[in-house]
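Each of the two complexes below includes chain A, the first together with chain B, the second together with chain C.
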Partner chain A sequence: MEVLTSLICAFFGTLGFTILFNVHRRFYICCGFTGMAGWAAYLAVSQFTTAPIASLAGALVVVFLSRYFAVWKRCPITVFLVAGIFPLIPGSSVYYTAYYLVTNSLELAAQNGIQAIKIAFAIVVGIVFVLSIPKEFFGLCCRKKEGTHLK
Partner chain B sequence: MDTQLLFDTAMLAGEIMLCSGAETYRVEDTMHHILKTADDAEIIEVLVLMTGISATLKRTGEMPVSIVKRVASRGTNLSRVVEVNEISRRYCGQYLTVEQAYDMLLELKGEKHNGSLHPIAIAGACAGFTLMFGGRLTDAALAAVVGAFLALCLFCGKKLEFHAFIQDVTSSVGVAFISIVLKAIIGTPMNMDIVMISAIMPLVPGMAITNAVRDTLQGDYISGAARTLEAFLKAAGIALGIGIGIAIFSNIFLKGGR
Partner chain C sequence: MEAEIKTTNDNCNKIMQLALDAGTVLLSNGAEIWRVEDTISHICKAYQVDDVDAFILSNAIFITGNNDKEAVFAKVKHIPLSGVHLGIVTEVNDLSRHISAGKYTLEEASTKLEEIRKRPAKNPFYRALASGIGAGCFCYILKASVTESLLTVVIGAMVLLFSLWAEKHSFPKLVKNILGGGMIALLALAATYIPFKTGVSVDKMIIGAIMPLIPGVAFVNSIREIANTDFLSGTVRMLDTIMVFMYIAIGASTVLSLYHGLLGGGF
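The block that comes next holds the complex of A and B.
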C-alpha cells in the first residue's frame, strides 16, 4: 500500500515539474509515467543495495523510457528526461549536508555531501549508458524511422 | 530562395531554442538542417555556445553571410523547444515554405509564457514528493504551503532581477524560514526534514545535470563544462541557503533544538 501511494505521488510530483517547465499537455501522461517508473526501479533496487546503485537503476529506466517516448511521440528527448529524472536527484543529501554543517556534525556532513556527488555521478552514468545505444534500436522498437531530429 | 530570409529563419529558430533550455547540440543540429535546405550552399557552419549563436552560409555566386547573436537570458520552456522542432521538421520535409516557417517562428517568439499555474504546480510537486519520500498527509499539506511560499520567493526574485545564484540562496532561506515557523507552530506532528527536502526539490539542478551530460557526450565541452558548473553552483546555493536559514531561524523560533 505504501509503495503504491509513493508511486502515485511520484507520478504527480513529476507532473508538477512538467507544468513548471511548460511542457505541452499531450506529454503529461508520458512524463508522469517516466518519473513513476524511475522511482519504482529505484525503490525495487534500493531493497538490496545502496542509494547510488539504486539511482543508477532508476536513471537507466528513466532514460530508456524517455528515448522510447521521444521516438514514439516524435519530440525532443529533453521533454521526458528532465521531468522524469527529478525524483532521483539527491535533494535529501544536499539538505542533510547543509543541516549537519550547521549543527557542526562535520563527519555526517561530509558523508552526505559525498553521497550527493555519488548519486549525481550514478545518474550521469545511467544517462551516458542509455544514450550510447544507437538510435536505430529505438527506431525498430517504434517502426517509425523517419526524421533526423529524433533522439 | 531568399538567402536573408532563410538565414533569419535559422537564426530565429536557434535563438528561441537556446532561450528555452534546449541542448547546444540540438540547436546546432536544427539550424544546420534549416540552412541545408538552400540547395546551392557551399559552406554551412553553425557554432552555438550557451550564451550565443554564430552561423555562416555561403551560396554559389554570393558573398558569405555571417551573423552573430548574443543570447542574454535563458529559461526553461520545453513546449517551445518541441514547437520549434516541429516547425523545423515540417519545413525540412517541405510541408512549409520558408515564409510560413518564419512567420510561425515569429509568432512563437511573441507568445508570452503563461506562469499562472506555476504556484499550484510547485505546491503540488512539493506535496507529491513529501508522500513519495515517506511523509504523512499532514507533512504533505504543510509541504504544499511551503511550496506556495517558495513560488512567491521565486516570483519576487525574478521581479527584483536577482542573479540566479542569489535567487537560489534567498529562495532556500525562505524555505528554511517558513518550514521552521510552521514547525514552531505545529510541533511534533510535523516532520521538518521531509518537508524541507521536498520543498527544495523544485530548486535542485535536474535540468542542468541532464543537459550537462548530453552536451558533454556530444563533444560540446565548453557548454558541458558550463552546465556542470551551473549544476554545482545551484546545489551549493541551495545548501548555503538552507544552512543559513536553519542556523538563524532555528535559534529564534525553536528553543531547545528541533
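The block that comes next holds the complex of A and C.
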C-alpha cells in the first residue's frame, strides 16, 4: 500500500515538473509514466543494494522508456528524459552536504557529498549507456519510421 | 545571367536566416547542441543550400553558407541564457521535419517559426500549482508525512512564483537562487511553528521544495552533450548546474544556521 501511494506520488510529481517545463499536453501521461517506472525500479533495486546502484537501475529504465516514447511520439527525447530523471536526482544528499558544511560537521558533509557524487555518476552512466544503443533498435519497436529526428 | 545569380544569393540569405532563427529558438529554449546542428543542416538541405557550416556553443551560433565561388552568408549570433520551454523545442523539431518533407515554402516556414517563437509560457499560477504538486509529491516519496507534504505544496508554489518574479526583473542567477533557497528555509522554519498534533521536520520540506529550482534540463543536457563528445558545451552546462545547486544549498543552510545561532534552534 505504501509502495502504491509512493508510485502514484512519483507519477504526479513528475507530471508537475513536466508542466513546469511547458511540455505539450499530449505528452503528460507518458512523462508521468516514465517517472513512475524509474522510481519503481529504484525502489525495487534499493531493497537489495545501495542508493547509487538503485539510481543506476532507475536511470536505465527512465532512459530506455524515454527513447521508446521519443520514437513512438516522434518528439525530442528531452521531453521525457528531464521529467523522468527528476525523482532520482540526489537533492537530499546535496542539501545535507551544504547543511553539514555550514554547521561545520565536516565528516558528515564529506559522507553526503560523496554519496551525491556517486548517485550523480550512476545517473550519468545510465543515460550514456542507453543512449549509445543504436537507434535502429528503437525503430524496430515502432513500425512507423520516417525522418531522421528520431533519436 | 547576372540577375539570376543575384536572386539565388538573395534567396540563399533568406534560407540561411531561417535556419539561424530556428537554431536560435531551439538553443534558447533548452535544446541540445546536436539537435540545433541537425535542424540547421536539414533546413538548408531542404531548400537546396548544400554548402553550410555551423559551429554551435551553448550560448552562440556561428554559421556560414557558400555557393560555388564565394561566401554568401556568414553570421555570429550570441544567445543569452533564458528560460526553458520544451513545448517550443518540440514544435520547432516538428517544423523542421515538415520542412524536410517539403510541406512548407520558405515564407510559410518563416511565419510558422515566428508564430512558434512567440508562444507564451503557461499561466504563472497554473505553473505555480504544478510546481507545488511536484514538490509535495517528491517530498512524500522521500518518506515524509502527509502534513509535511501538504506544507511543501504551499512552499513549492510560493518559491516558483518568487523565481518567476525574479526572472521577470532579470535578477542574476546567483541572487535568485540564494534568495530562493533562503526563502524555502524560512518558510519551512515558519511552518514548524504551526501547532500540529505530530511535529514536522524541516529537512524533508526543504528537500522537497528545492526541487522546482533545480535546473533539470541543464543537468540532463550537459550529460548528453558530454556523451556526444560536445565537451565544451557539456562542461559549461554542467558547471552551471553545479553552481545553481551550490547557491540553493548555501541560501537554505545559511538561514538554518542563523536560526540555530540566534534562536537556539528548536529542531
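Methods note: the second predicted complex is superposed on the first by the 151 of 151 C-alpha atoms of A that agree within 3 Å, B and C clash if a C-alpha of one lies under 4 Å from a C-alpha of the other, contacts with A are read in each partner's own complex, and residues count from 1 in each chain.
Assume contacts are C-beta pairs under 8 Å (C-beta built on N, C-alpha and C of every residue); 3 or more make two chains touch, one makes a residue touch a chain.
Just so it is clear, the structure is predicted and the values come from calculations on it, not from any experiment.
S.K.: Have a look at where A:Trp39 lands relative to chain B and chain C in the superposition and call it first, second, both or neither.
M.R.: The answer is both, since A:Trp39 touches chain B and chain C.
S.K.: Which of the two partners, first being chain B and second being chain C, lies in contact with A:Ile85: first, second, both, or neither?
M.R.: both
S.K.: Output check: A:Phe17 vs chain B and chain C. Expected answer is one of first, second, both, neither. What do you get?
M.R.: both
S.K.: For A:Phe137, using the defined touch cut-off, is the partner it touches chain B, chain C, both, or neither? Pick first, second, both or neither.
M.R.: So A:Phe137 meets neither chain B nor chain C here.
S.K.: Jot down the residues of chain A that show up as touching in both complexes, chain B in one and chain C in the other.
M.R.: The answer is residues 5-6, 9-10, 12-17, 19-24, 27, 39, 74-76, 78-79, 81-82, 85-87, 89, 91-92, 94-99, 101-103, 123-124, 127-128, 131-132, 147-149 of chain A.
S.K.: Which stretch or stretches of chain A touch chain B in the complex?
M.R.: The touching residues are 2, 5-6, 9-17, 19-24, 27, 39, 74-76, 78-79, 81-82, 85-87, 89, 91-92, 94-99, 101-103, 116, 120, 123-124, 127-128, 131-132, 147-149.
S.K.: Could you list, by residue number, the parts of chain A that touch chain C in their complex?
M.R.: 5-6, 9-10, 12-24, 27, 39, 74-76, 78-79, 81-83, 85-87, 89, 91-92, 94-99, 101-103, 123-124, 127-128, 131-132, 147-149
S.K.: Taking the touch rule as given, give the residues of chain B at its contact with chain A in the complex, in rising order.
M.R.: Counting only chain B, the residues touching chain A are 21-23, 26, 29-30, 33, 76-82, 85-86, 88-89, 92, 113-114, 117-118, 120-122, 124-134, 193, 196-198, 200-202, 204-207, 209-211, 213-214, 217, 231, 235, 238-240, 242-243, 246-247.
S.K.: Give the list of chain C residues in touch with chain A in this complex.
M.R.: Against chain A, the touching part of chain C is residues 30-32, 35, 38, 42, 84-91, 93-94, 96-97, 100-101, 121-122, 126-127, 130-138, 140-142, 160, 203, 206-207, 210-212, 214, 216-217, 219-221, 223-224, 227, 245-246, 249-250, 252-254, 256-257, 260.
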